[in-house]
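Across the two complexes that follow, subunit A remains constant while its partner is subunit B and subsequently subunit C.
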Partner chain A sequence: MFSKVKKNTYGYLFVAPFIIGFLLFGLYPVYNTIALSFTNTSMMKPNADFVGLLNFTRLFADHTFLTALKNTWSLWIMNFIPQIGIALLLAVWFTDTRLKIKGGGFFRMLFYLPNLMMPAAIAALFFSLFSYYGPVNQFLVREGIIPAAVNFIESAPTMRFLVVFIQWWMWFGQTTIVLMAAMTSISVSIYEAALADGANGWQMFRFITLPLIKPVMIYVLVTSLVGGMQMFDVPMLLTDGRGSPSNSILTNNILMYIKFRSSQGLIGSASAIGVVVFIMTSFVALLIFYALREKSNKNVVEES
Partner chain B sequence: MRKSMIVVSVLVVFAMLLSACAQTAATTAPAATEAAAAATTAAPAAAATTAVPAATEVPTETPLPTFAPAKAGVTVLNVWSFTNEIKTMAVAFEKVHPDVQVNYTMIPMTNGEYQTKLMATLGTGNEPDVVALEASFVKSYVESDFLADLKDLAPDAAADKTYQEVIDVGTYKGVTKAYSYQSTPGALFYRRSLAKSYFGTDDPTKIQALLSDMDKFTAAAKVVHDKSSGKTFMVASSGDFMNLYYANRAQPWVVANTLTIDPMVEKMVQTAKTFRDNGFEAQATQWGEGWFAGMNDSLKDASGTKEQVFCYLLPTWGLPYTLSPNATTADKSSTTVGDWAMITGPLPYQWGGTWMGVMKATKQQKLAEEFVRFATLDQTNLTNWATGVYTNEYLKAIDPTVPDSQAQAGGDFVSSQVVVEKITKGFDKSTLSDFLGGENSYGAFAAAAPNVSAKLMQGSDDSIQRALNDPLNAYLAGTTTEDQMWSAFKDAVRTEYPDLTVK
Partner chain C sequence: MIKNYRLNNTFQRFFIYLFLVILLVITLVPVWLLLVNATRSTTQIQQGISFIPSHYIVSNYQILLSKGLNLPLGFLNSFTIAASVTVLTVYFSMLTAYGIVVYNFKGKKILYNSILVLVMIPMQLSIIGFYQYMSKIGLADNYLSLILPSIASAGAVFFSKQYLESIVIYDLVDAGRIDGCSELGIFHRIMLPIAAPGAFTLGIFSFVGAWNNFFNAFILITSRDKYTLPMLVQTLRGDVYRHEYGAIYLGLAATVVPIIIVYFIFSKYIVNGISLGAVKE
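After this line comes the complex of A and B, so read on.
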């Protein structure tokens, strides 16, 4: 055992930068956030006191926080399902050896392009498009689709739809590329064998592609979850930065930011939100790993 | 199995790292780099010698510096602001104090970057010496313990007859901690041509009589609406007249640590609802495209029909910085220059303004105080500032690296009544008086300024009033009831002020 460790000292050397970086910029901030969440630290007061669980009890008594929690989940789920659906479809099409779609590289780039744009620019663009005096209203009225201009910016369903759409639009290309990479690594001979056995397209997808890309699916799901729980820039910049209209696009991180940048700079209660989001994300991520663990290993686990 | 467990644990660590990163980004603001860049190489001895007050006679030309630099090497003064305006004064300050180098840092406040960065320096020892504080957050600093007492400047303010409203904003519990070079009383600007067609006159005195209180204002809005068959709106957005109500409350938002809704705020909500339901407002967003289009008469509804806006309620800075630059369309096809007139409007109010304070943590209190005095209370500087003396040539002679856009055009309304009285006559014939069909805006603001009160202003005002915007918009749009609006408002206030009693 020990001789093995000695042989691997170079390995430790190589992972050292990551470990140090993680401890300094990953673990310490987490520790610090947790520590802050038990205090009433605010930036406009020099001193802070330990307040126990006060920040958390207030948080869960606060309608606004529950709204933010609900919004974050619904906005993420509403954008993730179409995102993974479209990405799977596109990835299957573009990797299908029988379809042989031309210009795969070009389309891949096209799908990925929205991701290269700044969320701030996209949010500002959509805000102008859908404003009361904006082009969308002009088009709809002049084409006779609606009788008079609608104040889209003050309509909760429209704004929610826009956030979901922008998030989907920005991220489906990324997911498509990852899934395509996973699918191209599946050996063609498996599909050939399936064809020889008379399997149809859906059966090949269901029983070959899906099981074999499961590890990548888990990765996509977890990274998307982590990103989704921290949804911030698009909903923040799309309207007034406070989740307007009627808190319909208020997410956890926007609420955290509101507290942080209030005139008092309430870092204590902002940290409490951070801690709740952290625990929630970690718990759900672990749940995903547990639910999607490799079932064939089940017997191995029981035996060992 | 072991392999998959390793993969899983690595992924978990990765996920934790990702989520941790985002939290860090929000909780520890990115102030360190800025603060490091602004690190001072101060020599306190030199600071003491530079604190000699500059001559305060009021010739339009600044007298040449009467003293040579006392020591070799310069003293560095760090000034933070959210616009480039004060940089002009910093350059002028360097002319009077050649041994001082002002390190000017501009951080925009579009999305609160300035406030965030400034807050993050508090207590770290990296605070700037002098800070510019905008009306929306000046009071929270004045109420805090981070600004130095500027009692030594009180005699200058008395000699200047600095407007009481300016001093009130900078004062908390009798201690004055911030001064401003501007006073920002508000006014009402209306289109002369529209006034003629709907009220038969464009005479400012007669229009003022027609709009002398908010009930008359609403009645006039109905006349404008009816006579134009709904194609002319009294205001572009109901946000335009909200300041008037806020400025005339009888009690502040927070009384004995309890959220208090003044009857004036309730009236404001009613008026806004009346305006929305009856089509008296154009439903534009303040600072949005439609809002500006109304200024240059190019507003069109979605079907392409022309719409017009009768008036805008703007303060002093709104005339040179907002209304007059936007009164002509970009392609010059439509202009309203010369078609505007100015009156005090239904209620006295003030809007915006920039105050300046000295951070308590500064190591050069005297020099920092001298900078604030020069910028906000020095009559020569205020005169130069308001009358357009600070041209590019003037500034480049002091510091050749000054950018071309740094010049300060005349017309900003300054905080000293003494200076205002001296220079008002000079604005009888100016680009702004041409813009207003011959009216002297400076004189009109001078008449309005003494009536403005800022006694009720509190550090929490801005957040509380912002918290009302979204619930109010939902109520105006008809998606919520008035009761739902108030409870949504109270929830939003609770979020930002957890220690406040909200009934």
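After this line comes the complex of A and C, so read on.
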């Protein structure tokens, strides 16, 4: 028959384009970004000098960068908690066979819709809705809820809230679908056994559903974190593209963009931002994997 | 007892439905306002909120054109990029995943594990190095810099591998070999047609991702005539359009309507596809 070993070498042929593509467009740019972060390259000065850690020391001495870091984290956390909370609630309701919620598929389909829409357009839409002469002000004034129109776009708390709201609005449906898939893959017989043992709804959720969907929860947490650390489109287009008012929605990537497109085109220090955020994101993601894996092992030991 | 439980259940279900309907309103009102306002004149929009469409689409469009926003060109640009990205992503990730699923070659485990890690790594953060490298080889401000990286999309390979594992029929592969089909021929003529539904789902996600991609294009593309739709959306924020609300809403609506239509036609594929990339047995 066929020589399996000989055929197996064909595997290299199939994966070769991916590997070449990755080396050229994935790995080399990472290397290049790291290399640039140690130089003072700018648009004006293409052949730059090696400056060691200067870009990094400057970055950490820069209040704007620390603000951007803090904003990115708080905007992400504030949207992630309600996102996973509501998604868990919806997923439990939609998969509960005793509740018999009708139209689950219909609700789920529509909740997911915002996720497919262009974030840039969504941000511009919310900017229009909340502008001084926009529909939100019209509605509030006409209904007598506020005496006069408010300049929402100039208000830091409102803009922060809006970024968080838009991110939540775009992602809770997606998270619900992922969690539902994880919950429906749990065997019904486990719940039946628990029910026979007299477990209530909360106990079944806490001791069956949660531990069994843990890998998917970690997936959701890490992908959301990675995406959240790169938040750009929404805060960029919600106000003037510089994180206004008073840097309240300035994120890492907006700052990176500002440095990159500044009049001198600070490629070196823009790269340094990318490197710092890259290392921070990877480190936290690994920490999450590590921490949650350890815990789940302990739980098994304690409960068995 | 039983009666009590039922009553309790009805009560609970009432609140659940109420909650779902409120969420639905929150989800849909912004989208609906966007679509409706695209059909209303600026004067109408300033007079107050309405949920009923009007008939100013054409005049709003003319205002957009008169201010120099070339929406059709933006559409064409975005479509060119998104379609090319989709073809490359689907073809090469299926090819890679097929190689991993069907053949047992040395280093396969390492390759697959590194793909699992690559899915998580935020490649966008190397955009500055990517830009500088592209401008060195003359590909900055060129669509190729947005299209070519999709040859190596780790997320798409992961999705394809999950999908192919569930559908590959090894007997068919062997049958192809007996019939004298080449290994690539087996992939093209036997496996790809079988994998069409998965490839289609992956295609929709790649298309939407590329269509909505703002950051990379914003860094790499500088010529005005190469602007993609999200970049045009960004210019809608400029002073030229101040107080032309109807036109602004129309410009925004134009970017999301094609996606909404695609979603309503293929929502089954899309909703099922979301979890395929995430849930591992």
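One rule holds in what follows: the second predicted complex is superposed on the first by the 271 of 304 C-alpha atoms of A that agree within 3 Å, B and C clash if a C-alpha of one lies under 4 Å from a C-alpha of the other, contacts with A are read in each partner's own complex, and residues count from 1 in each chain.
We adopt the following convention: contacts are C-beta pairs under 8 Å (C-beta built on N, C-alpha and C of every residue); 3 or more make two chains touch, one makes a residue touch a chain.
For clarity, every value in this text was computed on a predicted model and none was experimentally measured.
Student: Give one of first, second, both or neither to describe whether A:Ile258 is in contact with subunit B, with subunit C, with both, or with none.
Tutor: So A:Ile258 only meets subunit B here.
Student: Give one of first, second, both or neither to describe whether A:Leu69 is in contact with subunit B, with subunit C, with both, or with none.
Tutor: The answer is neither, since A:Leu69 touches no partner chain.
Student: Return first, second, both or neither, reflecting whether A:Val141 touches subunit B, subunit C, both chains, or no partner chain.
Tutor: first
Student: In the superposed arrangement, which partner chain does A:Ala270 touch: subunit B (first), subunit C (second), both, or neither?
Tutor: both
Student: According to the stated criteria, A:Ser282 is in contact with first (subunit B), second (subunit C), both, or neither; which is it?
Tutor: A:Ser282 sits against subunit B and subunit C alike.
Student: Under the stated touch criterion, which partner chain does A:Arg242 make contact with: subunit B (first), subunit C (second), both, or neither?
Tutor: Touch partner of A:Arg242: subunit B, not subunit C.
Student: Applying the touch criterion given at the start, work out whether A:Val178 contacts subunit B, subunit C, both or neither, answering first, second, both or neither.
Tutor: It touches subunit C, and subunit B stays clear.
Student: In the superposed arrangement, which partner chain does A:Met229 touch: subunit B (first), subunit C (second), both, or neither?
Tutor: In the superposition, A:Met229 touches subunit B and subunit C alike.
Student: Contacts for A:Leu221 in the overlay, against subunit B (first) and subunit C (second): which applies, first, second, both or neither?
Tutor: Neither partner.
Student: Which subunit A residues are contacted by subunit C in one complex and by subunit B in the other?
Tutor: 22, 25-26, 29-30, 32-33, 36, 128, 133, 138, 142, 215, 219, 222-223, 226, 229-230, 232, 237, 241, 253, 256-257, 260, 267, 270-271, 274, 277-278, 281-282, 285
Student: Which positions of subunit A touch subunit C when the two form their complex?
Tutor: Within the complex, subunit A touches subunit C at residues 2, 4, 7-15, 17-22, 24-26, 28-36, 41, 86, 90, 93, 98-101, 105, 107-114, 116-122, 124-129, 133, 135, 138-139, 142, 169, 173-174, 177-178, 180-182, 185, 215-216, 219-220, 222-223, 226, 229-230, 232-233, 236-237, 241, 253, 256-257, 260, 267, 270-271, 274-275, 277-278, 281-282, 285.
Student: Quick one: in the complex, what on subunit B touches subunit A?
Tutor: Against subunit A, subunit B makes touches at 1, 4, 7-8, 11-13, 15-24, 26-28, 111-112, 115-116, 119-120, 122-123, 137, 140-141, 144-146, 283-285, 288-290, 293, 299-304, 459-460, 462-463, 466-467, 469-471, 473-474, 476-477, 479-480, 488, 491-492, 494-498.
Student: Using the touch rule from the top, collect the residues of subunit A that touch subunit B in their complex.
Tutor: 22, 25-27, 29-30, 32-33, 36, 43-46, 55, 58, 62-65, 128, 131-134, 137-138, 140-142, 148-149, 151, 153-156, 215, 218-219, 222-223, 226-227, 229-230, 232, 237, 240-247, 253, 255-267, 269-271, 274, 277-278, 281-282, 285-286, 289, 293-294, 297, 300-301, 304
Student: Residues of subunit C touching subunit A in their complex?
Tutor: Of all residues in subunit C, those touching subunit A are 9, 12-13, 16-17, 20, 23-24, 26-28, 30-31, 33-34, 37, 45-46, 48-49, 92-93, 95-96, 98-100, 102-105, 108, 111, 118, 120-133, 148-149, 151-152, 154, 157, 174, 177, 183-184, 187, 208, 211-212, 214-215, 218-219, 229-230, 233-234, 236-237, 243, 245, 248-249, 252, 255-256, 259-260, 263, 267, 270-271, 274-275, 278-281.
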